[in-house]
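Here come two complexes built around chain A, the first alongside chain B, the second alongside chain C.
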Partner chain A sequence: MTRKIALIFYILFAAVPVVCGLFYAIFYSLGLTGILSDGLTLSHWEQTLSSSTFYKSIGYSLFIALVVMTISIVLALWITISWLQDLKKGILSYMIYLPLAFPAIVMAFFSFQLLSKSGFLSRVAHSMGVINQLQQFPDWINDAYGVGIIFSLCLLITPFFIILFSNLYHNERIPALAHLAATLGASQNQIVWRVVIPVLLKKSAFTIFLFVLFVMGTYEIPLLLGRQDPSMLSVLIIQKLQKFNLADIPQAYTMAVIYVIIIGTVVAILFYGKPQFFKNSAQ
Partner chain B sequence: MIKRICQLFFAISIFFAIGFLVVISLGGNWTYPALLPATVSLDNWRVMLISDSSLWKAFLQSMLISLTVAAVTTTAAFVTSKHIAHSKYRSQLLLLSYIPYVLSPVIIAATLHFFFIYSQLSGTIVGVMLAQFFIAYPFGVIILNNFWNPRMRSIEELALTLGSSSWSTWYKVLLPISKNALLLCFFQTFLVSWFEFGLTNLIGVGSVQTLTVRVFSFINEANIFYAAIASCLLILPPMLLIWLNKRYIFNTQTLI
Partner chain C sequence: MKEKRNIKLGSIATILIVAVWITSCGKGTNDDSSFDPSKHSWEEIQSEAAGKTVTFMMWGGDPKINAYINGYVAPALKNEYNITLETANGQGNAIVQLLMAEKQAGQPSNIDMMWINGETFYQLRQIEALYGPFVDQLPNATYIDLENPFISMDFQENINGMEAPWGNVQMTLIYNSDKVQNVPQTRAQLLDYVKKYPGTFTIDNHFTGLTFLKALLIDIAGDEESLKGDFNAQKYEKYTAELWSYFNKLKPYLWKQGTVFPENVAQMHQLFAAGELYFTMSNNDAEVDNKINEGLFPPSARAYVPDFGTIQNSHYLGIPKNGRDKAAAMVAINFLLSPEAQLEKLDPQVWGDGTVLNLEELPVSMAARFNDLPARKYAPSRDSIQSKARMELAPEYMIRLAEDFRDQIINQ
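Showing the complex of A and B:
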């Protein structure tokens, strides 16, 4: 009885709100509800699917997510493998946790003050004579390639992966595996490239996958450091929802529904096609 | 040698970020191309924390919301995670916990906003707490899920075999040995709530002024000095929690 109540409570608060929100978004996108609704229509879906804004936004979000994850994972692997002993004890073992105290919005503010045309780096470049005018400093904020967004997200995510990899290094008994490989004649490079890195990446594959999706849906950082076109998907959806043009609201819900369908399909394919992939998370 | 230089650079970078925010918060009249603000004093802090009570109010409101969300989430997640861990549908149920994160909290808030308006919870502290609970609760379940391992089950069964009632087993056996796991869950869900901006801003519709919302407002007003003060207040509790977490929980934590 207690188990049933607990599971009903869990489903009620973890799944029902998402399902209700999704159905409301579907109804709104089909013109079945909302201020301007006038019956069932597919026009909002047609408008969304035929406009390039949505595809650009999805592509841009995926681009940012993949670049951020690649940079963060490479940095985290390098730091974990080369600083392993220092990360276990001493001041570095404490300091590595400090970046986790930065909320995304504070990291975005810090990056803005550091990288913008009137930011700290621009001032340093000016005082060193590298640039003479503010305009000569490169566009790193609100730029087309999302340099500021990538920089901020890497600052937020890399420490997390350093901690994850250094914990995995010990939990997965990698030192013993490395020792075994060395005994069998593997060189130091072979141990790193063929033992350590593959084990760490395989064991963290699920977390990496989750982070790709998490970065794709991130909001605060692209809101402050990104540009209007292209913009990351969550920013685009919220901007369309909060604009004064009421006709944009159904399109915002259509985009949200399509995004949920895409992510849901990817997760479902992985869950049923490769259940082993999720096993680490469930045990 | 190169390793030491890299480590030094890494350490300086972390302290630079914190020091940079503190210097801006103390500054005034920072015109381009000056490297540092022309004036550095406690005036900004004095104005924000003594003369103008709105930042204190935002800080206390954020603290109230985050502590409440963390306490309720930890309690609910502790009870439900046990039943999920012992369920034959564990993997499927746990998958639900990841939904708020893979779909982005702010997108979920956007789709749920109508229900909050309809139930008159939009723009209220209770509404923001409930919305944050939708995000923090699944996270709490993920954190506590691994705690309910076969060893814990054996301890529970042993207590029941020795005649302990179901309530006594929870209260006198499971709760004391779960202290560290519960603290960890509390800290983590507190941080989820404390860091939340998009969802809070959307459901709170500007009426619920948390510190993250205040930082955003100050940035929008181009008031970088006050934004830096609010940022400093925002990173202070997490730093304290991370230190406590590392000092007293990670070092003794063996169950998670």
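Showing the complex of A and C:
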């Protein structure tokens, strides 16, 4: 009974708004709603699907997400495995977890102040005589490879994975497994590469997947630190939604719907093709 | 087993449908504003307004403007008219999105008046979200300088009483006089400048940058009359071809080689303050004084208008068609147009926003107070830049420029 009530609450307060929003977006993209709509049309879909900017934006968002996740996971694994004992208490634990308290926009400003041509590092380089003019400092903000975006997102995400990995380390009884491997003659390297890392990654696979989606959809950081071309998908959508041409609004909804379809398809393929992927992490 | 699953799916679907129905209930209009100001005298409007709360949606990004509204206007409205003024942060598109959503939902508006500029006026007219005409009913409207086309026309459209002029400003370029001695006055000189000081000039990817592009376009067209009136696609194509060709010559020497542009003017101001840019720009000709007084800009910052001219435009106050307290909003707007409130706003120490009043219509003593205000220190006087003022173009020019700037410059 409690389970049924919980399900009803979940549907009412979580599923219904999302489904309503999705249908609204679909209707808007097809010209079926919106104050300026002229009735059913596929023109917004045609325009979006034939625009190279849209594909570039999806590719760029995926690139940023994969780079950020790779760096964050490598860092988090390294810190978890090498500093395991020190992470539990003392000043180090506060230092590691501190970035979790930063809202994304604050982290973006912090990176801007640190990495921009007129930022802290540039000024240090200038006062040390490494560069003569601020303009000589490398482009790390609003740059083509998204260095500033990647830096900020890594700072935000790495602590989360450190917490996740160190909890998994104990919950999955990895010390016992490592001890067993050692008694069977495994070297320290073999224990790390063949036991610890595979178990941690396997158990956190679904969370990693969710974070890839989260990073692909992030907004404030790429808005401040990214470029207009290529721009991340969320920035492109808001640009279409909020700039001067009201006739562009249906295109913004079309992009959002296509993005949901892509993500939904990937999740469905994983769910039906590899249900283990979801179960492993749910435990 | 399959049957059980179908029943489960069926009940989930039922819950979904019921929930959608519940959430869509209450859509009916609850507009309780039965008082129609157009059918009443000003005295009746004032008595209807007493005791009401007016929510004013305005750009909240400038501490001086906020201080003027909250520290001067709100107490005066309370004392003189018993109206409580509350502000909500939002401008341009946020206002359009809010009124669009409220209109679609058939709900009365959460705001009673808003600060709008040309492109918002155009968009709000597109979605028919403005109440009016109401300006002629305001007693202080008699002082407004409606003979001045920079005030009576908003993006080439006659305001026709649908919005009340509030302030008038002209775009200026702001530069660091320690770094730049000879400021560029023409397009050719600007090209020479960026070649000599690469990476120190840019425009923002928003309203201010587009306003600068419009001034260049008018300069290219040669004659200010040429682009007057409704949007002309042929002329647009002809002159923008030259504009993009010129801008592409500037591009390699702009900030970050023109591969990226600051997202808004605030970011550009920050880059200027940090010394990364030698130039920034402002749609408010008095802003350089404000920013130096606030300590954001270096004391060596100066503002000027190049010989090719810049856009002068006005900002306005509007009332939503579905607003709850239109009478109270009208009384508040009337106060904002009063000589006292306009004088206070004009003071560079307060805001420095140009007045929309015709000083010749004011009592002599009041006009003298306007003329006696302390002059700006770092910005040129309004009289000296008036001859370089250009009219705003029809809104479609800005929409097309924004799209083409992306295609022709950013995405190249």
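The rule we apply is simple: the second predicted complex is superposed on the first by the 273 of 283 C-alpha atoms of A that agree within 3 Å, B and C clash if a C-alpha of one lies under 4 Å from a C-alpha of the other, contacts with A are read in each partner's own complex, and residues count from 1 in each chain.
Here is the rule we go by: a contact is a pair of C-beta atoms (placed from the backbone, for glycine too) under 8 Å apart; a residue touches a chain by one contact, two chains touch by 3 or more.
What you are looking at is a predicted structure, and each value in this text was computed from that prediction instead of being measured.
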item	value
Touched partner set for A:Ile11, first chain B, second chain C, both or neither	both
Which superposed partner A:Lys203 touches (first chain B, second chain C, both, neither)	neither
Contacts of A:Arg227 with chain B and chain C, given as first, second, both or neither	second
Partner chain(s) touched by A:Cys20 [first = chain B, second = chain C, both, neither]	both
Touched partner set for A:Ser118, first chain B, second chain C, both or neither	both
Which of chain B and chain C A:Asn245 touches, first, second, both or neither	second
Touched chain A residues, chain B compared with chain C	B
Touched partner set for A:Phe271, first chain B, second chain C, both or neither	first
Touched partner set for A:Val106, first chain B, second chain C, both or neither	first
First (chain B), second (chain C), both or neither touched by A:Leu134	both
Set intersection of chain A contacts, chain C complex versus chain B complex	7, 11, 15, 17, 20, 118, 134, 223-224, 241
Residue ranges of chain A touching chain B (in the complex, touch as defined)	2-3, 6-7, 9-11, 13-15, 17-18, 20-22, 24-25, 79, 82-83, 86, 91-95, 97-106, 109-110, 112-114, 118, 120, 122-124, 126-127, 134, 155, 210, 213-214, 216-220, 223-224, 234, 237-238, 241, 252-253, 256, 259-260, 263, 267, 271, 275, 278-279, 281-283
Residues of chain B touching chain A in the complex	3, 6-7, 10-11, 14, 17-18, 20-21, 24, 32-35, 76, 79-80, 82-84, 86-87, 90-91, 93-108, 110-115, 133-134, 137-138, 141-142, 145-146, 166, 194-195, 197-198, 202, 212, 215-216, 219, 224, 227-228, 231, 234-235, 238-239, 242-243, 245-246
Residues of chain C defined as touching chain A within the complex	12, 15-16, 19-20, 23, 93-94, 96-97, 100, 103-104, 119, 123, 126-127, 198-200, 205, 256, 259-261, 263, 271, 274-276, 395, 398-399, 402-403, 406, 410-411
Chain A residues within the chain C interface of the complex	7-8, 11-12, 15-17, 19-20, 33-36, 53, 116-118, 134-135, 139, 142-144, 223-224, 227-229, 241-246
